[in-house]
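Chain naming follows the written order as A, B, C and D, and within any one chain the residues start at number 1.
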Amino acid sequence: MSKLDLDPGVVAACRQAATRIAEQVAEQIAGRTTLSVERSVTRLLGVDGANALEVPLPNVLVDHVHERGGLGRGIAYWLGNAMIQTTSSPQQLAEAVSAGELDLLALQEAEEPAIHERVTSECAARLREIAQRFDERRAMRERLGDGAAPLRYVLTATGDVYEDVVHARAVAEGGGDIVAVIRSTAQSLLDYVPYGPTTEGYGGTFATQANFRIMREAMDEWSEQHGRYVRLSSFCSGLCMSEIAAMGAWEGFDNMVNDALYGILYRDINIVRGLIDQRISRMINGYFGVVINTGEDNYLRTADAIEAAPSVTASQFINHQLALDSGVPDSQIGLGDAFEIDVPVKNGLLYEWAQAQLTRELFPDCPVKYMPPTRHMDGNLFRTHAADTLFNLVTIATGQGIQTIGVPTEGIFTPHIHDRVLGLQNVGYVFNAAHDLGEEIEFKRGGIIQTRAQQVLAGAHELLERIAQTGLFGAIEDATFGDVSRKQDEGRGIEGIVSTEPGYFNPFVELMREASYA
Amino acid sequence: MPREVDHRAVRPYADHLGDGLVQMSFTLPVPYSLAARKAALELAAKMGFQEPEVIHYEQLTEGYTYFVMYGRCVQSVDFDALQGEGFDIEYMTEDEIERFAEEHLGRNVVVVGASTGSDTHSVGIDAMLNLKGYHGHHGLEGYRFFKTYNLGSQVPNSVLLAKAIEVGADAILVSQTVTQQNLHVQNLTELVEMVEAEGRRGDMILACGGPRVSNELAKELGYDAGFSKGTEPHHLATFIVRELAARVAATG
Amino acid sequence: MSKLDLDPGVVAACRQAATRIAEQVAEQIAGRTTLSVERSVTRLLGVDGANALEVPLPNVLVDHVHERGGLGRGIAYWLGNAMIQTTSSPQQLAEAVSAGELDLLALQEAEEPAIHERVTSECAARLREIAQRFDERRAMRERLGDGAAPLRYVLTATGDVYEDVVHARAVAEGGGDIVAVIRSTAQSLLDYVPYGPTTEGYGGTFATQANFRIMREAMDEWSEQHGRYVRLSSFCSGLCMSEIAAMGAWEGFDNMVNDALYGILYRDINIVRGLIDQRISRMINGYFGVVINTGEDNYLRTADAIEAAPSVTASQFINHQLALDSGVPDSQIGLGDAFEIDVPVKNGLLYEWAQAQLTRELFPDCPVKYMPPTRHMDGNLFRTHAADTLFNLVTIATGQGIQTIGVPTEGIFTPHIHDRVLGLQNVGYVFNAAHDLGEEIEFKRGGIIQTRAQQVLAGAHELLERIAQTGLFGAIEDATFGDVSRKQDEGRGIEGIVSTEPGYFNPFVELMREASYA
Amino acid sequence: MPREVDHRAVRPYADHLGDGLVQMSFTLPVPYSLAARKAALELAAKMGFQEPEVIHYEQLTEGYTYFVMYGRCVQSVDFDALQGEGFDIEYMTEDEIERFAEEHLGRNVVVVGASTGSDTHSVGIDAMLNLKGYHGHHGLEGYRFFKTYNLGSQVPNSVLLAKAIEVGADAILVSQTVTQQNLHVQNLTELVEMVEAEGRRGDMILACGGPRVSNELAKELGYDAGFSKGTEPHHLATFIVRELAARVAATG
């Protein structure tokens, strides 16, 4: 039942525009793959490790083919062929290539259908292997009990995976439902994923498969001991979106932040590169039941939260459609939203409430991810805590799916161990005290809240119609999102885009296209 | 590799083991200015903090500036040594206490309690003494082996002591909640002095409690024990019966 | 418009019961006066100062008459007579008595009508003098602008009046509308008001006329400098309720906490003594337009907030009627209420909201005084601040008249200078962000909030009917309020009750009976 | 009598002048226990606090305990001496700066700025340089006498320096926001070292800014000035033109 009295016609028009926009995007990125997409194929095929120079084997393998001009056919083609010719596993092949003992392109080429079949069956086996792990995980989640929505999502970001474990335990004990291992600030722009456990990072801990495993083990241990399942999340972002999705799949991560727009706008990653990587990355997440989170909240950190509200809603429609197109079902699409209106704005809480409720009503089956006030927070720790209290109130009253918790030190530090616990206590207090508030209250017809929500929706509609004209790329160039402008032919990672050739082949895409593994 | 905490040299922990980070806040009676900020940094340095940092400061009223700061504490504490002291107490349950009293004392324990001076907060002493008790635990009134007198609040020390003498109390129990300007220290000290002046200090256990009373403070003031927030009646009772038993044992 | 769907019949029945209860109280305290009531007559007549032993002259004078057995006629009678016989002013008479130079009862007695006339005209002149000061104050308030409701009420309580001035300035600067000079914990039980400025007190600063003046001057200075009027408040409580009302009148205090029940329940003051003092005390406050605040909030600090809610509402009905009977109009009756439900109670916020809204709807013209969470607060400063945020939200959403602000250190200290400012910032933030929330929302019919409010009202009604049977004194003995029981013939200050004789006379009561000065 | 603040010996103020009360909070990597409480008290004593008091403590996770404390700081600071240093700066308005530049420099001031390293936070440097500016004040781009180059974020120090040399910058302006594990200190130090290695330290003003940058820190790292939260473009501009004028005057 709508509390906002939204016009269903406008909502439908927004969805239609978003569909058109997503179709255009699909056309614009068609006929291309990227180095990292190909690397993620190798990762899903079980390639892991690094060479003596610490270059990860997926990079060694893909660069090897790319240097030899063969990547237009897709790495799977060459691996499939090599498996036929050598009977080695992908990992063995990678090691041989790395040792300089093997040139994939120098091997005799089998018939294309045979190659397809060989590599596809290998891919299917790997998918079954991962799927089995996910089955076990799902069973564990059901046995121990998953938290009730809104799930409490908390970052750890010490830079040292072993410190992260300690912080994550405190988070779990404080009632956190999802621990997100934030990545070191330097990682986004690396066109490879570092290897092994790491203890040095800034503003986050490197997303490596070993680090994922260490965190997963620690949280599984905690979960078993305390009888409550703790989810793990990380970032499918930067130049390795899809690879991290693959790593997360192997290590049983339950959630992933996954939004190319963030990298495009704030990391200056090339638009096309980002969107290709995102498509595969989301496909992998979608397939394994991983919940993705998009990054609309970030726009409100660089653009004014009152004025930019329609751009958030418009972006949600687009992101939602792009995710659906990658095979992610509604129940796994955690669209982004944030509580970022400047504190002195009169009736700011009412506008926040309107926006939060709007997102819920537009995407009723999506576990919207709601972000805390950060932009206007400062060193007055108490002021931040008060803002977080109202944020928590709106979260519970509007029934968000996932809530990133706010911490008193938000304006200053990556949170100290106790800051998260203080933040979680605030959440726990408010969620409990206001448990059924959302059910209890109705908004005045034509009042401030309804009016605001309707205006934001109208603004989003207008924007979507415009973007359907200019295309998403044009809109980004016009600084539609976050007041940041990026051009289609600029940005980092552009050199990693590879045009596909007629025989290009990515078996995982074929296999995963048909909805999820389950 | 997972890092190990060295309990012999413990320092504050915020983000990384050993970072020593401490959050502080305070007001200085100086006008809001860059010089004020400098003064706060200098003060933190005098407290021994490294890399002190002002993360927020603002004027409260002319001549008064509030600061929120962080600094790295370089001192450390030997936690192992503190554990060695056997500092952690095991409390008995109500039943265990009754049995212990029966076995080691074999008689009623008489206690007299009050919230003293002008302090009208009686909830704390009531929690200890009245049947209803606290957090689902009976107060001492509910124990078979205790005979309790709860004089309530706003009780002058002289009245409390007179009652204790009258009924031959084994223990005097004092509650203090209003602590501004250390009023509790004043009231608690006065009672000890009175008990001593009457030559009764050896005859009875003196225990006190309240949100800002600690065992350390209590001992400093001449009490046998002090109890703070979170105390439950059986904590007090455990202490009393053990202490009495020890005294019995000591005097033969 | 009611948000709670209350039954007007039940409300009317509550008022009727309260009227009956108040009538009984009037009967039970009739035919008696108290030492402090008589002292307040001398204070209103301008008697001030203390003798060499620091005994205040009002005490010297009243004790003098009392010792000689003459107080049954009222101090005014003797002063009136002495003024006729000696042409001295009350102050001069007091000084002469103090010096041992005059025995009021030894003077020749004039005709009663003459005495009445003489002293009544003197009283009327004094009232005019005070009234003129109040006129000036009202003009100042109007010129500088009084805060908008909810007024932000903040305590200072250092024990040193000069420190209180500093703290009060910080309060004013932080947005406080009313500064309340809390009294030293030792004062309530003194049967006199100390004289002169004081710098030593515990948990508060002695309420002396000099301290009142120092605070008043400091706040008037701040108000003029900053163009916003800051009100002052203190406590008409303890054994000198009515005297402090008189002192406040002289010094232009705008508000007064005034509730005998507090002294009766928590200071063990005799019931009759308390209620006689209260009647005169309220009469004085009422006459000069001073807003009084009652103390129902305290019950929730010793009784459970969920269970005891009906007793709060019942007490509000009674206190309201007692205040009306003393000539205090609705606009000056700040009934007490508090946000004290234990934090782990599920939907606690909804119950608080119900209770706060109930109080507003039952007493729509009274500036209800709403108190912050204190009982369940502890040394976790952030937890307290979060609870205060929701408290502030309920305050603004239900439109309370006066709000005592919560501070992070509520569970531990009389607040430090910055704690009040942090508390005020929280209030300022929430009042602004949720400014029109109350207007915006409606409660679900038959939902948790409406049901709770209706239940509390029904409980209050039941209680009031019972009290109308047992009488207020009986109810107090039955521990109806705050779980505390007090007996009618016990308690402090009982010895200060004096039976009046046929010729008893209190000219101020006659003069003030006719509504306010204005 | 009203009390007087002695600015030569200032200490924290909470309730009464001179009470010295400081609020602290921190975590110790020790198990939640009475011994943990004792450790916190001991640590506070080592920091020089008198009457340290734990008003709250709780377990974060096994082996980690969080504390909220108060203590009386007995150290004091000579505030008068700090004021004597002339620490407070008077900023010029945009117009005044333009006039000052015209008069004392008579030429364009060239500045190059960036958010360096992997830091993607550009809002701070944009606030200083872009026309839009901050809090209603133009950024340096809007000044007639400034020629600005804003390289944006994620800029390697080497790129920033090369640009500065290329355009003959009078000042390099660096913004740093990500500070975890002192990343900003690392990045800022690297730049100074590069500038010095190129032998350019004398040629240009080096200024940095960010929420956790202070003037003190900046100077310690070898910068001419550092700017923190609340900086407005004309603060920076005032500093630059004054500093350049001083250098002109010094070199004749």
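Assorted remarks:
Quick note on the criterion: a contact is a pair of C-beta atoms (placed from the backbone, for glycine too) under 8 Å apart; a residue touches a chain by one contact, two chains touch by 3 or more.
For clarity, every value in this text was computed on a predicted model and none was experimentally measured.
The interface of A-B is repeated, with over half of its contact pairs matching by residue number, by C-D among B-C, C-D or A-D.
The pair with more inter-chain C-beta contacts, choosing from B-C and C-D, is B-C.
Chain D has its Cα centroid 35 Å from the Cα centroid of chain A. The distance from the centre of chain C to the centre of chain D, each centre being the mean of the chain's C-alpha atoms, comes to 50 Å. Look at where the CA atoms of chain B average out and do the same for chain D: the two points lie 41 Å apart.
Shown for chain A are the residues in touch with two or more other chains, namely 158-159, 378-381, 412-414, 416-418. The set of chain B residues touching two or more other chains comprises 13-17, 21, 23, 25-27, 54-55, 64, 180-181, 212. Contact residues of chain D toward chain C in the complex are 1-3, 13-17, 21, 23, 54-56, 58, 68. Across the complex, chain D meets chain A through its residues 25-27, 59-62, 64, 66, 118-120, 123, 152-154, 178-181, 183, 211-212, 229.
Residue ranges of chain A in contact with chain C, taken from their complex: 343-350, 380-383, 385-390, 393, 408, 422, 425-426, 429-430, 432-437, 439-444, 447-449. Residue ranges of chain A in contact with chain D, taken from their complex: 157-159, 166, 169-170, 172-174, 185-186, 188-189, 202-203, 266-268, 302, 378-379, 411-414, 416-418, 421.
Those residues of chain B whose C-beta lies close enough to touch chain D in the complex are 5, 7, 10-17, 21-30, 33-36, 38-39, 41-43, 46-49, 53-55, 63-64, 73, 75-77, 79, 82-83, 85, 87-89, 180-181, 212, 214, 216.
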